[in-house]
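The data blocks that follow each hold one structure.
Here chain A shows up in two complexes: once beside chain B, once beside chain C.
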Partner chain A sequence: MTTMKIESFDTLMGPMRDAVISLLLHLADDEFIIGHRNSEWTGHGPILEADIAVSSMAQDEMGHALAYYQMLHELGERDPDTIAFGRKPREYRCASLVCLPKGDWAFTIMRQFLYDAAESIRLTAFTRSTLTPLAQLATKIHGEEKYHLMHGRSWVIRLGDATPDSHARMQKALHELYPHALGLFEPTEYDEELAQAGISPREDDLRAEWESAVAPVLAAAKLSIPDHLQPIYGGRVGRHPPALKELLDNLQLVYNIDPSAKW
Partner chain B sequence: MVNIPQAQHTSPYAQPNDEARLQQVWKMLERVFDPEIPSLNVIELGIIADVRVHTRNVEVDMTPTFVGCPALDRIRDDITQTLESSGEHGVIVNVVRDPAWTSDRITPEGRRKLKEFGLAPPGPRCSGGETPNLEHATCPFCNSIDTQLESIFGPTLCRSIHYCQSCLQSFEQFKPV
Partner chain C sequence: MTDTQWPIFEVFHQQARGEPHVHVGSIHAPDAEMALLMAKEQYARRQACVNLWVVPASAITATSYSDDDIFERGTDKSYRESWGYKTPKMTSHEATEPRSHGGG
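This part shows the complex of A and B:
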């Protein structure tokens, strides 16, 4: 199969443009919402270093979300602030994993680890994307995200294999989160088209790679991966857990008072 | 070795004195500093990707250190003001993705200044997802490598926190990205 490089957004038309918009929107919304969830720990982390780490990751994710929203704007969508703040819950395309309330520290660490492992695989694939602007941005973001994954991996192993209480909390979090994490790989209607064009791999392929990446870390943490769990889908078509609406009510409160305000 | 990219004359209206103007702009950019690491100017930090002078304006391409760097708008404003103060008009600062900034873009002089500032310069870049070794960073105070990683994240997005067993001080490192 020969695939053409797409050097700039200007040459994207019709269904391929729609496919890229759909892809960028789900990447951006995942980053935006998990970034917000992380920011809920700012000032509340269990120890100072943990607080700084989770707050730094929140700042990184927000920056990445902005970069993706900026790309959407270059593709003719509305400006980044309007896309980020000016939508109704059903217009967001994030996976349920990132919507869930922040939970305890074990839940936060487990979610972040499962998410970062998925993101790392996606970004690695994107560095080979035929869509040059995406490949460039992914290379950049991946350099930053590797620190998130290092952080998550060391915490998962430490907490999974520490006290009975920490082990039990991590195992519980893993059981609850795993089906949602599988939902990160919900194929969209553009799945095949994006793969054919060499822009993004098929979601099923990414999922398989993710499963083999997280398994050894979870094993090292003495945690067992739940069997027979069905992925929780819906996020990529705008069906979200109620937690997203609560989050957005909070996040959009100031913006909605005066959407035209200049900051 | 880091090469500061040579500026290109892309303007079809290039004037004879453009070369002098271009040199002047690069010179002025040495006066713009990163607010989070005030001892490094933007050239030493490696975030200036290109400068182009045109008849009516000047364009500066800037490649951000971190995508979510909160200092970006401030640096952009500082560049504009500094260049305007030297008589340039219509300063355009483009934030570019290509070339992507990596810590290898910090110049040798920049690395020396980081160390002087008390910040360990970044080790060689680990491209993509490769896991960098943050253990045994060289202590900027006593040059010992008998050090340990305390936290991957520090007071700014670009720093990690370490502890030196030799001089018993904590220090920060500019993370390789």
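This part shows the complex of A and C:
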């Protein structure tokens, strides 16, 4: 692995530039869509305090998405609003995990935990990225992510081991979500190149780290990790569950009325 | 009356190291660790914060407002008002008083 630093986006050329654009788009779209999904709880949380926390974290994720979209804009892509709102479903690069409807509270909490465990591992790795702007952003948002993980972990451990009903719901959610969560680590054609350049670790390495991070928490929650489930891939190449189109129809409704409107 | 809510925790917020923890409100939570998590979003997202305390409301023993006459001063006790001393932090009431004898 080279240790040469890439101080700014301007010095990125050719395939490496494409690789970084691809990576940033995955990151941004994951954050944008999970942020929207979790914001669907605003005003509907099971208890006021939980509502405020999940809504606030949804705002954090939206903020991270904006930061990545701004980086894409610096790399010559369209402005953040147009990238966020002006694409067709197949042009999004988010994993299926973030597309799924919000489900019940157990489902939302389980997804939040599995997702933020992955994001936390990714961001920790990014703090050492040779791509300086990415390392700087990761350092800046790492604290928020640390909180998200504490939140998810605390809830998972409590709900997993509270009542027979809560345990059953959490186990069901885990079973349904786990293969989608593995899909967060869908390798792309740029995987090796990004790893060689020290920009981002290989998806398989991140996945292994994630599996060893979530296992003890799920065990503490008395939940069993489903065996032999194949990862659900497709998100990174624009193949999404139908839930994404429904989400985008809703999310883009106002934007599509007049994309050039000034706010 | 049956309260089906979680227990109440009182929340204390510290703006900077060395500053006092100030009571900012209360929240419902199933236990202390969850109380800290929820207090963070409820009371620390709009202002600087370095530390939070949560205390079960049930742990607080308070005087009764019906006994508030115990705080009244029957005679002039202004000699007790120690304006010349340096205190860690003035209460808002003290801060509005004139400080004619500043220093040590």
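Methods note: the second predicted complex is superposed on the first by the 262 of 263 C-alpha atoms of A that agree within 3 Å, B and C clash if a C-alpha of one lies under 4 Å from a C-alpha of the other, contacts with A are read in each partner's own complex, and residues count from 1 in each chain.
Just so we're on the same page, a contact is a pair of C-beta atoms (placed from the backbone, for glycine too) under 8 Å apart; a residue touches a chain by one contact, two chains touch by 3 or more.
Keep in mind that this is a model prediction, so the values were computed, not measured.
In the three-chain model built by superposing on chain A, chain B clashes with chain C.
By the document's definition of touching, both partners, chain B and chain C, reach A:H151.
In the superposed model, A:S56 makes contact with both chain B and chain C. Measured by the number of chain A residues touched, the leading partner among chain B and chain C is B. With both structures placed on the common chain, the touch criterion links A:H64 to chain B but leaves chain C unconnected.
Once chain A of one complex is fitted onto chain A of the other, the partner contacts of A:L75 are absent, as it touches neither chain B nor chain C.
In the superposition on chain A, A:T124 contacts chain B only, with no contact to chain C.
Stretch 135-143 is the one among 9-17, 45-53, 99-107 or 135-143 where chain B clashes with chain C after the superposition on chain A.
The contact surfaces that chain B and chain C form on chain A in the two complexes overlap at residues 49, 52-53, 56-57, 147, 150-151.
The touching residues of chain C, counted against chain A in their complex, run 5-6, 27-30, 33-34, 37-38, 40-42, 45. Residues 47-50, 52-53, 56-57, 147, 150-151, 154-155, 158 of chain A touch chain C in their complex.
In the complex of the two chains, the chain B residues touching chain A come out as 66-70, 97-98, 100-102, 125-132, 150-155, 157, 161, 175, 177. Those residues of chain A lying in contact with chain B across their complex are 49, 52-53, 56-57, 59-64, 66-67, 120, 123-124, 127, 133, 136-137, 139-147, 149-151.
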